[in-house]
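Here it is, the structure, as structure tokens.
Chains here go by letter, A, B, C, D, E and F, matching the order in which they are written, and residues are numbered from 1 within each.
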Amino acid sequence: MVYITRKAEFCASHRLHNPKLSDDRNRALYGPCNNPNGHGHNYTLEVTVRGIPDPQTGMVMNLQELNRLINREIIDRVDHKNLNIDVDFLWGVIPTAENIVMCFWQLLEKALPPFCALHEVRLWENEHNMAFYRGS
Amino acid sequence: MVYITRKAEFCASHRLHNPKLSDDRNRALYGPCNNPNGHGHNYTLEVTVRGIPDPQTGMVMNLQELNRLINREIIDRVDHKNLNIDVDFLWGVIPTAENIVMCFWQLLEKALPPFCALHEVRLWENEHNMAFYRGS
Amino acid sequence: MVYITRKAEFCASHRLHNPKLSDDRNRALYGPCNNPNGHGHNYTLEVTVRGIPDPQTGMVMNLQELNRLINREIIDRVDHKNLNIDVDFLWGVIPTAENIVMCFWQLLEKALPPFCALHEVRLWENEHNMAFYRGS
Amino acid sequence: MVYITRKAEFCASHRLHNPKLSDDRNRALYGPCNNPNGHGHNYTLEVTVRGIPDPQTGMVMNLQELNRLINREIIDRVDHKNLNIDVDFLWGVIPTAENIVMCFWQLLEKALPPFCALHEVRLWENEHNMAFYRGS
Amino acid sequence: MVYITRKAEFCASHRLHNPKLSDDRNRALYGPCNNPNGHGHNYTLEVTVRGIPDPQTGMVMNLQELNRLINREIIDRVDHKNLNIDVDFLWGVIPTAENIVMCFWQLLEKALPPFCALHEVRLWENEHNMAFYRGS
Amino acid sequence: MVYITRKAEFCASHRLHNPKLSDDRNRALYGPCNNPNGHGHNYTLEVTVRGIPDPQTGMVMNLQELNRLINREIIDRVDHKNLNIDVDFLWGVIPTAENIVMCFWQLLEKALPPFCALHEVRLWENEHNMAFYRGS
């Protein structure tokens, strides 16, 4: 079993806010991330796939295909977007790194070819904050 | 003459849009940066100051004071903010890196102590795009 | 189960030296790291916590709280310090990355709230050397 | 059990090409990586070793020895080389990151001292593509 | 006057060799960079352009256009290539960073629109070696 | 005229303290950098040299020779050292980045070959603080 990772970047804005809670509770909970007009990040996404390298190609999965798949499923839908408004698969989801990473997992897992498996999805919001998910 | 640079980060959202132009012209001009709901970045700011090191301290300017000054004049006012709405000194300014960097220059130049001079203000929007200004 | 990582930096000096061994043995063992007057690093610390995101907040643990906890337990006690002299919880410990990372684990594990678990503590001494610990 | 990682860099050229397949098939499979005259990378190698820190030294394994071992087994043989021609242990191997990382594992595992175990070998081809192997 | 910088990456192989000199002299001069079968790098290119921001757009030059221009003039012609063989504008040129950067300058200067000026071209071969050129 | 830059790293400890001033004044001036037992950094040094590339070699100066020169003049004397005690050319100098960078300039300028000129010496103490000097 070998693991391959493809890194991709996107920039997006978001606001952390739970509409079921009071404004005061939201401010206490999310601090500056609750700013009503939003803020944003250059996100870094790392997708790791595992499998047995095909002896004929030496590849677990073609990294160019993995790149296209990540772009189609994720980057094209979130890059230069507002994660609270513009992204259908995030409607109703509070866009914390934890929640985003689980939503990305769902999309990527369905889209991967059968000969390899999704191992991990990592999302860096900035240099200091990151979340990752391994499917369970 | 020695130069010192202090680097700081902030995250913010913005939208590139000139209200004097048509929507079509704005889209053609700014592409995805014109997205009506905005997007965002982790900005990196580099402020360079020059001066003659004080023989008693070995410093052009105390880097902790420079840090406080940058935080007070810039970071506290733009971090976790929407640059089109939340930042008074950017009202009416299209928040391109070029325009932001000139506005930052104005604020920093006024705030520096007389024994040193502002040399350069650099702003990275992401890993690939940067603007800098040297005052003229 | 989702994992979140918070990265923090501190700068410190240290000397690798075991007082129970001869000076020659120490020099052979630690090379330039045994320099009697010490040397130093900009350390990078990565703390990973795992848990189930709270449906109401979308967070495993509030990253701002995790940040405060890391600062209180670790950074405030080691930043701008001499790790051989100034840090009570390292007295009598040879400050290799391996030993430091196990000491950090003890402090962090006790301080975390009950709804999440410490998963990994990583410490980079510089761009090339790192140690990590997972509690057993 | 503590884990230590040593990072090393090397620059090399390679070409992805399976001589058992047609030129058309190779081009379709590897795209620009099949360029007949090759291309190259600054590779980053991360070797992770695990073990119980020796109480007398505070080290899983001396990082300077690990460094020498990585240089002798890997870096000295691949740095400033053409991976298709100059490297004996890669002859007949299509130099994808997946295949390289498994070959590096074989060399490193044999060379490590008995008191520690190879945990993971990671190879970054560039900022975006990486493969890692854990021995099975 | 404001300056904008666009960063781009490409990977390529090369060999440093002057056919007018003896093999011994070439080896002494270029060391491992003279390896007959070549080696390679992930190059990082930074192009800096200066001009007066257009008051209507807030831009010195559209960064997306600058990106397209750099791709068309440089990246598409050198990425995944052998710099000694595959790149017409480098034929007969020893591909040191110094020589490459002057060739890139020629191409970029001709291609820029009249309202802005090329300020600097920087080329990193790896984390440690860089050359830049300012046109004279 | 082309410029080449070589980057090098070293780790060292230091303490900012002026023995001619009172302890209180030192603490107020240098804050945590005045810690009596010192602290440390992974310093990054960037040396830029300018000259006309030799048509026969394509080089301003052989980067391997520049590397050796930087190691001999600087790195071998400061790496894994205490900058207040172990480094003869820094005796009596308060080791601020400003002062260090001017001392490095003196050493490097004398050691460079006559066909090229020292352009700039940069010193990063950490990710956020840097000083540079251009000789006047």
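Going forward, contacts are C-beta pairs under 8 Å (C-beta built on N, C-alpha and C of every residue); 3 or more make two chains touch, one makes a residue touch a chain.
Note that this is a predicted model, so its numbers are computed, not measured.
Engineer: Touching chain B and chain E alike: which chains?
Structural biologist: F
Engineer: Could you give the fewest steps needed to travel from chain D to chain E through chains in contact?
Structural biologist: The least step count works out to 1.
Engineer: For the two copies chain B and chain A, is the contact made of the same residues on each side, with over half of the numbers shared, or of different residues?
Structural biologist: Both copies, chain A as well as chain B, present the same residues to each other, with over half of the numbers appearing on both sides.
Engineer: Please tell me the distance, in whole Å, between the geometric centres of chain A and chain E computed from their C-alpha atoms.
Structural biologist: 34
Engineer: Indicate the whole-number Å distance between the mean C-alpha point of chain B and the mean C-alpha point of chain D.
Structural biologist: So the centroids are 41 Å from each other.
Engineer: So what's the Cα centroid distance for chain C and chain F, whole Å?
Structural biologist: 28
Engineer: Give me the residue numbers in chain F that touch at least two other chains, ranges are fine.
Structural biologist: 127
Engineer: Taking the top-of-page definition of touch, could you list the pairs of chains it picks out?
Structural biologist: Chains touch in the following pairs: A-B, A-C, A-D, B-E, B-F, C-D, C-F, D-E, E-F.
Engineer: In the complex formed with chain A, which residues of chain B make contact?
Structural biologist: 9, 11-14, 32-33, 35, 37-42, 79-82, 84-86, 125-127
Engineer: Contact residues on chain B for chain F in the complex?
Structural biologist: Of all residues in chain B, those touching chain F are 1-8, 53, 56-60, 62-64, 67.
Engineer: Once bound in the complex, which stretches of chain F touch chain B?
Structural biologist: Against chain B, chain F makes touches at 16, 18, 20-21, 29, 31, 93-99, 101-102, 127-134, 136.
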